Every structure is written in structure tokens, then in C-alpha cells.
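Next come two complexes built around subunit A: one with subunit B, the other with subunit C.
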Partner chain A sequence: MSRERLEKTIIQILRVMGLLVFIAIVAFPFYWMMVSSFRSLGEILLKPANLGLDIRKINLHAYYEVLFQHGFLRYICNSVYVSVVTVVLSVTLATVGGYAVTRLRFRGREFMSYSILLIYMFPAIVLVIPLYVMFSRMGFRDSINLLILVYLAQTLPVALYMLRSYFQTLPPEIEHAGLIDGCSRFSVIWRIIIPLSAPGLASVALYTFMIAWNEFLFAFMFLDTPEKFTLSRGVVQLAGSVHLSKQLVMAASVMVTLPILVFFLLFERYLVRGLTAGAMKG
Partner chain B sequence: MASLTLKAITKRFGQILALHGVDLHVDHGEFCVLVGPSGCGKSTLLNIIAGLIQQDEGSVLIDGQSVDRLAPRERDVAMVFQNYALYPHMTVAQNLGFGLRMRDVPKQIIREQVLETARILGIEDLLDRKPRGLSGGQRQRVAMGRALVRRPRLFLLDEPLSNLDARLRASVRLELRHLHREIQSTIVYVTHDQVEAMTLGDKVVVMRRGKVHQIGWPETIYAHPADTFVATFIGSPEMNLYRGRLLHKDDRTHFQGAGFSLDIGGLQLNLGESELEVGIRPEDIAIGHGGTPALKAKIEMISDIGSEKYIHARLGQESMTIRAPREAAFQPGQVVPLTVDPDRVHIFHEGRRISWPAGSCSSSK
Partner chain C sequence: MTRREPTFFDQEARLAFWMLFPTFTVVLAFVIFPVIWNLWLSLKAVSLGDLRGVSLFEFNMTLENYRKVFGDPEFGTVLLTTLIYTTAGSVLSILLGLMAALLVHGEFPGRSMLRGLFISPYIAPVVAVTFTWSFILDPQLGVLNWLAVDKGLLAQPIPFLSQRWWDLDLLGVRVRVPMALTSVILFEGWRYFPFAFLFILARLQAIPDELYQAASVDGATPFQRFFHITLPQLSAVLSTLFLFRFIWTFNKFDDIFLLTRGQAGTKVLTIRVYDYAFGEFNIGASSAVAMILFGVLSVFLLVYFRWIAKEE
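After this line comes the complex of A and B, so read on.
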């Protein structure tokens, strides 16, 4: 007995230590970024490696400067617009499309179902140059809506795939019951599929939002006018500017990271599975 | 309440012929049971009636009107699924009221009807709960209630009892019978359980491999099975079935099986001496003298199920099951004489029943 307890204790300690190490690795850069963004330039220059955070000396000037003098308010608006529209479109299209390939029988269904992921196999870097050339010639470059289109093309395959897998876990009898109870196909989707797919939809929304919010390559290539920049594009612009002040870049980075975090915490509870519990015999 | 007619329903899934020209008529208020082994197409047929699956050929008529072009919601039928298929995100009350809500029934009326249905089924105290908090039996009731609340023209039940434990199943079966008598509705009920079929059905449809083998009252199907499949599928323990030939001798007919000969009286058939099959139900065999010449069987094993005994014996080279009262005192190894009433013997030629004794196929109810 005592030996077993000893082993259990050791495993417990190892587990906690492992977690702590992991958290440190993940959280440290973030912490440093936060701390640095709260300092003034002078402080950073004096003690660049200072990790302590003095609550009384928190200085939000960097945020003010980034937001109002470097145009980040505009970038935030742009990023929110691009991300939200991409999420809404992606979730809507993926719901309808994912439902179609799971439940409806039509010619070419199998092929469509498998080719969805095929599209995703093309790396973005391969596509960006041809797309750049194509859109330039068509005169569509430097448009924020174009960016939405590109993000949609990028996220939709995975979104479709995720939702398709999710829909496959839903018992078709629930839909049949709905159809007999008086639903049309669309009201089955609206009243039964969507409420039951909340975890799947939340994952798709989160995934799409992260891609659209963080994406840099296409934003960098396609956007020329600073007023149209998204956040990630803006940060790079800022970091590359002549007067490099670290606290500004850090503040900007915090603004890029924070929404993802908030989003994740908001949606996390919807990610739990098992919403269909109780539908079946059990 | 409505009548249902199926005309030559055929359905293929790829290469597989799931239903093969099924014809059926169910009268107003009739309780019709589709029974057959799994994969016989009975559930497919139910889904076609509901409109969830489209048939390849044939036609479904409700009250004489074709419903082939109507969506499931327009057919005014209700269905209870084997796995209940409750809406997990709704309370019991919402589950029950959903069909009415989708049909734009005023809220007040929905409330009343949901309450009334819940009262009939004894689930009033569950109305605010979600399905995940219910037991199997309670879920089954909610599923029944969801069908009942709308008072549809036709009830379709797809093995609704198969997920309940044996005791609960027996009591719900009785309740179903009562319920049917009370609401007088037309029901099509699918099951693979012959006991359910025999006890519930006004009319029983025996199916196998997409074909209807026999349609009839339970007692007709039991007493006059149309072919060897129905004969062995309905009835427990199974009917004893033997292959052999008929021999005519001194105005009497004998069935010559593998290692035994059975006197079946004055049967005259124009089949010559072709091979046929003879079936005897376990309860139609009496242990004791009477037949001439007496059949003799050797008892091999006895299964005592409490209320009666099943005696497994060897007759010639064939095995035989005999139903005996529980007082019967036999020992394995014993050789006993058997008596079989010739009128209770079923004769099949090429699998189909031969009407015998003459005129016995008319049944009354």
C-alpha cells in the first residue's frame, strides 16, 4: 500500500511540475510582452531585462500612442470587420455545405466530400503570387473585401470538414422526427441541427476567427494603403518603422493577442461535447 | 384515423433489392404489425410510408389519396423511433409540443394538449425536464407522447419497445393495446419480435428479404402458415419441420421421413411421390399411445422453463421438440411413444403450404 501511495505521490508531483514548466514556456513571452508594454521608453532603455511589474508605475501611454498616433484604432476596426465577416460567412456556408454532404444524396456527393480537403492541401505561399498577379491585373488589389474572400477560401475547407464530422455524430433520426413533426429541411437545420451543433459551430467560429485575425501573408501582399491595414499588418509596419520603440510594438502585440484570448475563453465552454445526451436510448 | 394502402412498393439500395413489390391494406383503426428478421425491409417500408425514403416504384395511399408527392410533414403521420430520437435541447414539454408549434397551433391549445397527453402517459411530473435526465422507460413514453399529441391520421412505430428491459416491455405492450383501444387510431408497428407481433396485431404481416410472405390475423398465421419460413418464424419453440415423401398404402397416406414414418390419414394429393416437407408444432405432439403404428422417439434433453417443459427428442434421424406440461416426468434416454393428430400436420410443397385439411383455411375472428 505505502509503495503504491509513494508512486502516486511521485506521479502527482511530476505532473504538476510538468504543467508548470509548460505554462512557463507558453506564458513567459506573453508576460514579458504585457510587462514591457506598460513601461515607458526610458525604463526599458535603463533596464531592458527587468521582469518585475510595479503596479503603481503602470504606464498606458504606449497604448494611447499606438491607438491614436499610429492609426491602430483604424487597424483594429479593419481587423474586426474582416474577422467577423469571415466568421459569419464561413460558419453559414460551412453549415449549409456540411449538412449537404452529410445528409443529402446527390450526384458527386462523395467526390465533393473528399475534394473539400484537397483544396486545403495547397500551401498559401504557392497561391499568393499567382493570386497577387491575378488580382493586380483585374484591379482588385488593395481591397479589404478581397481579403475576406481569400480568408474564406482558406478557412472554408477546414470549416466544412469540421462541421461535416460533427454532423455525422448527430443521429439522423432526430432530423427525421423533425421532418415528420412539421419541419422543412431548412427549419430542421435551424431548429434542430444548429442548436445541437453549438460545440461544432463554436470550434469553427474560433478557428476561422483565429485565422482571419492573425493572417499576415495575404494582408501583407494585397494591402497597400495604410488605412486598409489589418492589425497584424499594422504591427509589422510599426516594428519596421525607423523610430523603433519597443513598448509601442509590445502594446500593439498585446492588442493583437488579447481578443483571441478573450474569444477563446468565451467560446471554450461551448466546445464541450455531449449536447445530444438524452436523445437516444442512453 | 385513416386507412393505408401500399401498392407494389419496390425499393433498391444500389444492387440490393430492399423491397420487392409490397402490397398491403390497413383499415381504419387497425393495428398492423410488420414482423420479420432484421434486414427484411420492414423499417424501410415504414420510412417509405412516412416519406423519409422515396420508393423507386409503387404508391402509398392514405385514405385512398396518393401521398407520394407529399413531404413527411404534409402526410400527417407520426412516428416513434427505436432509439426515441427526442430533441435533447428541449424540455419534455417542448418535445411534446414541437409538432404542434411547427403547425402554428395557438400556445394555449398546445399547453392543454401537451398536458392531456402527459396525463394519459403518466409523465406530467417530467414536463420541465430535459431528455438526458430521464430513464429509458420515461424517454420511451415521451417519444410515444410526441406522436400522440398531434392526433395524426396514422401512427408509425419502429420497434419502440426493443430498447426496454423484458419486464418493462411486457407492461408497455399491454398499455399500448389499451391505448389503441382508447384512441382507435390506425397503427403500423414494426418489430422483429414475434411475441409482440402476435399479441399486438389485429393484422400481422410477415416479411423476409423485402417480400411479404403472409398477411393475416395472428391466429391464422399461427394455425395456417403460408410457407415454411412463416411456419418456423412464428411460434416458440419453433415448428418441427421434416423433409420426406408421401407413400399411399391401403387408402392411407404415410409420410416417410428420415428414419420414421408418420400416418397422416386419408390425404389425397396429386403430387405423386415428390419430395415435400411436413411441419408439426411442439404442442401438437402428445406423448403416449394412439397412432398406428406408433411413432417412437428417444428423449435426449429436457428444458424446464417452469410453466412447462420442452422435451428435445430424436425421431429417426431427425430431432424433435415437444411441449409437455410441467408435471410430465420423463428422463433423458427414455424411449416414448408419440401421437400426432393428422389434422394438425402442416404440409409444404416447394416451401408453400398445401391446403390441408380441406377447407380449414377459412378463419374466423
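After this line comes the complex of A and C, so read on.
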């Protein structure tokens, strides 16, 4: 066998083995999360090493308990509200702002573009204590709408940056006709820019949704009242209050993970574009 | 005196100002202002109990907080832990990302499904994946310990996330492994390799085929082609990835906090920010640590924008 053939064979074998190992390590935690959420506390205590999923013994009681006894129905609504409002505001403001940075001439435009990137690098842990102090003092820290504003500040710079890159790929000539016909800038954005940028807007919306839906630190620090908890905040609360009942924590984890993974699989291409264009912080 | 008619450019600038105004306000209030406010707090003796008092705005500055933070006997250990966690976590996530990208690169059925699967650790909420891993690694109920003991691989369960040291006997040589820190680093690799994976995969696809064809004609074997074409082509993206992962891991709080709360030798600087504020109720010292983090970040960003961004 030639060296070329030998190396090719070795590479093929390594590749298949590597893929199997990777798939197992990546997928197992998700599998385990789901399988455990379908079990009763008794099964978890009796057979902690039971890897299989017995379809006939699927037990949805953990979901019932988490939803109706631990307040997760409320947390789901809160998370949906926070994420949707963040997405709508962020995409709207970033579209308008991104348009201004790409198409309008004003002093400090270059500076704006640079500082957007810088701001995006600021770590949450540096911002959270001063914000905590400030809003505790003002007395409205424990508020879900305040949380939305924080998320907006976290997502807007990236959203604006991503949309700016997208708008730069659109030829400005298309807009000129509209402007000459007397359209205002806002109607140009509404009639020309938005329809042409649908894929870019989808990427930004998905990306923003993911940030708001997954966020833990600010929700953890700001929210005190259980009625206002987001899902992430709720899962931490639950994990701290039940010690043995892992099936409950796993059911709650499935609830917070499933929507985002389904979204991701449905719109993978847009999200991947968003992730690489914006270089997601994390 | 005649008032100058607003020109077309003035109008455009004014419009741009109003279009950017909301973004600007939100960022000013929730990003820029907190950093300045944090600097102010770090120079004052503030405790968590003082928050409603008037003393917050008095102009009585002190360096006491910085003295306390640097003088803390634990500070050296925390800094070392931070550096180990950050370096090892960044390198591991990039190596895994490189491996994953090489495995998925090329055309084969199910490739896009695999790509989707490989990104999921990064997409999933941090609370869900940390609690799942804590459960898997749990010494009492964790599946990993039970399987290992069952199969005779371990004599007794290991508390992966709550034990500081693990004494290993490697062919007669006693090695002390920092157990919890290693687990946290491995988690970091698992959760963040998709980031490197995406960028490396994109770069791999951009390497021109002619390079490989030319090398094949010259008789280069697959391994030679990898070491002499693929790796050099990836070096720029690998170093940029390292810088970014280093910065983000250095400032990472959620993962360690949720996995170990900074116990068992995993206390990093970001955990110290939280501990000072909510463990010792010392907002001043907490802000001082945050300022140190911010200072280090600024240095890295300066390096990036001065040298690396210009080269690209």
C-alpha cells in the first residue's frame, strides 16, 4: 500500500471514530436531561446508571409539578414577554440606527462604528454591580421592564453592527429613486430597506432572542419577586430548593432549552450567519 | 444678522442624530454610565447596607478598597486560578473546535445535521447545561460515577465539582490533580468549542482547492498537506480566536458560579466580584475587582485594535 493510501485509510478511521466520540459527548447531556425529566424520583434514586429510555415508562409528572406547583407557567410567560419585547425593540432601533450609520453623512460616523464594537466587549460582570447599586437605591430594581432595557443595551450594539454590515451590501441606487420621488427616509427604510434585508433582520432577531431568552446574570441579580422570574431565574430558584428531585430540575431545563434549540434547528442558517457576523459574546 | 438656512447636510446630520438617539441613550445609561459609576464606587467605602444612605455621593475618595483587594492573602491564588482557567479553557475550546471542524469539513450525508448538533452546547441556556452537567457529575446520583463504579473503573465515586484535589497514581508517580478546576475547564471546552468550530469551518472552506491539488501533484501525502497547507492557512483565525476566547473566558462568571459557586479551588476574579458584594457586603471592594477586570480587558482590546485588527 502506498503512503498516500495508507494515510487516507488512517484518516478515514480516525474520522469515523472522532465523529462518534464527538457526537456522544455533545449529545449525551441533552439526552440525559430529557431522559431524566421523564423519570420519577424513585427511578432516579434506584437506578442512577440506567442509560436506556423505556418508552412505556415515560412519566410526565415532573413537568406537571414544575409547571403548576413551582410556578413555571408564569416564568414561561415572563420569558416570552421579555424576549419578544427585546427582539422587537432591538431590531427596530438597530434598523433605524444601522441605516443612519450606513447611509447618512454626519460627523463622528467612523467613531460611532468603532465604539459600537468596543461597547459590545464590555463584560456583564463589570456592569452588574453598579447597575444593582443604582437601581436598588432608586427602588425599582426588581422590575421585568428594567430587565428588558438592560437586555436592549446588551443586544443593540451587536444588532446595529450586524445590520450595518448587511445594509452596506445593498446598492444605494435603489433608494435614490424613492428619495427623488419624495419619500422620507423612514418610508425608504420601511418600503425598500426592510424588504431587501429580510435575511439580515432574521439573523439579528434570532440572535437577540437567544441572548434575551438565555440570559442568567442580570435576571438572577435584579429579580426578587417570583411572579417576575424569567425561566433561567426560575430554574436556579428550583435547583436551590429541591435537593434530591433532579427530575424536576431536568424537566425545567428541558423547558428552557427546547424552544431555543427548536428555533435554532428551524432557522439554523440565519443563526449561524448571525453568530459568525456578530461574533457572539459568550 | 442672517440665520443660515440649514443645508442638506445639516438636515442629514440632524436626522442621523435622532435615528441614533434611542440606541445612544440606552447604551449610555446601561453600559457607559455603570462603568464610570463602578470606578466611583471602587474609590469609596460602601457596604451593601449603605445603598440607601446619602454617603454614596459624598466626595470622600479612598484607595482603601484597592489596598484591601491586593492585600488579600487569597488574591494571588485567585489570580493564578483565573489565569489557568482562562488559558486552559481557551486552548481546549479552540482545539476541540479545530478537531470538530476538520471532522465535519467536506461533503457527506448528514453534514448539516452534524453541524447543527455541534453548535447546540453554545446555543442552549447556560442554566440548563450547567445543571445537567452537575447532575451527570454528581457523586451520589450522577450517572458518570455510577457507571464508572459499576464497571470497576473507580473504587468510589468522585465529587468532580466539589473536591479540590484528586490524588492520582500514574505508574507509581503521585500526581495531584485540581479536580474541580479541571472539571470546570472541561466544561468550558465542551460549551464553547462551537464558537471556534464555526469560524474554523468557515476558514477551511475558503482555502483554495488549487493549493491541495498542486501539493498532491508534487507528491505531498494527506498528513503533509495538513501540516503544510491547512495549519498555516488557519494560523490567523486561530490566533484571533484565542484572543477573543481569552478575553471572554477571563470575564466569564455564569458558568463557574452555576457549577461550583467558586468552591473547591475554582474561585476566579469574576466570582470574587460577586463574593465581595454579596458574601462580605463590601460593594467598594467588589467594584475594585471589577475595575481590575476592566483594566485587563482594556489592555487586551488595545492590543487587538492597535496590532491585530490592522494586520487583517
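Rule of thumb we're sticking to: the second predicted complex is superposed on the first by the 234 of 282 C-alpha atoms of A that agree within 3 Å, B and C clash if a C-alpha of one lies under 4 Å from a C-alpha of the other, contacts with A are read in each partner's own complex, and residues count from 1 in each chain.
In the analysis below, contacts are C-beta pairs under 8 Å (C-beta built on N, C-alpha and C of every residue); 3 or more make two chains touch, one makes a residue touch a chain.
Note that the structure is a prediction, hence the values are computed from the model and not measured.
Novice: Classify the contacts of A:Val88 with the two partner chains as first (subunit B alone), second (subunit C alone), both, or neither.
Specialist: In the superposition, A:Val88 touches no partner, neither subunit B nor subunit C.
Novice: Which chain makes contact with more of the residues of subunit A, subunit B or else subunit C?
Specialist: C
Novice: Tell me which partner A:Val262 touches in the superposition: subunit B (first), subunit C (second), both or neither.
Specialist: A:Val262: touches no partner chain.
Novice: One more residue to check, A:Pro195. First (subunit B), second (subunit C), both or neither?
Specialist: first
Novice: After the superposition on A, what does A:Met33 contact: first (subunit B), second (subunit C), both or neither?
Specialist: second
Novice: Looking at the overlay, does A:Arg3 come into contact with subunit B only (first), subunit C only (second), both, or neither?
Specialist: second
Novice: Per the contact definition in the header, classify A:Ile58: touching subunit B only (first), subunit C only (second), both, or neither.
Specialist: In the superposition, A:Ile58 contacts neither subunit B nor subunit C.
Novice: Go through the superposed model and pick first if A:Asp181 touches only subunit B, second if only subunit C, both, or neither.
Specialist: Once the two structures are laid over each other on A, A:Asp181 reaches subunit B alone.
Novice: Share the list of subunit A residues that count as touching for subunit B in one structure and for subunit C in the other.
Specialist: Shared contact residues on subunit A: 275-276, 279-282.
Novice: Give every residue of subunit A touching subunit B within the complex, in rising order.
Specialist: Where subunit A meets subunit B, its residues are 171, 173-174, 176-184, 187, 192, 195-196, 275-282.
Novice: Spell out the part of subunit B that touches subunit A in their complex, as residue ranges.
Specialist: Per the stated touch rule, the residues are 47, 50-52, 71-73, 77-79, 81-89, 98-99, 102-103, 130-134, 136, 139, 146, 150, 163.
Novice: Residue numbers of subunit A touching subunit C in their complex, please.
Specialist: Against subunit C, the touching part of subunit A is residues 3-4, 7-8, 11, 15, 18-19, 22-23, 25-30, 32-33, 36, 44-45, 48-49, 51, 93-94, 96-97, 99-101, 104-107, 109, 112, 118-119, 121-127, 129-134, 136-137, 149-150, 152-154, 156-157, 160, 185, 210, 213-214, 216-217, 231-232, 235-236, 239, 244, 246, 249-250, 253-254, 256-257, 260-261, 264-265, 268, 271-272, 275-276, 279-282.
Novice: Quick check: in the complex, which residue numbers of subunit C touch subunit A?
Specialist: Residues 9, 12-13, 15-17, 19-20, 22-23, 26-27, 29-35, 37-38, 41, 46, 51-52, 56, 99-100, 103, 112, 114-129, 131-133, 135-136, 138, 141-143, 146-147, 150, 190, 192, 195, 198-199, 202, 221-223, 244, 247-248, 251, 253-254, 258, 270, 273-274, 277, 283, 286-287, 290, 293-294, 297, 301 of subunit C touch subunit A in their complex.
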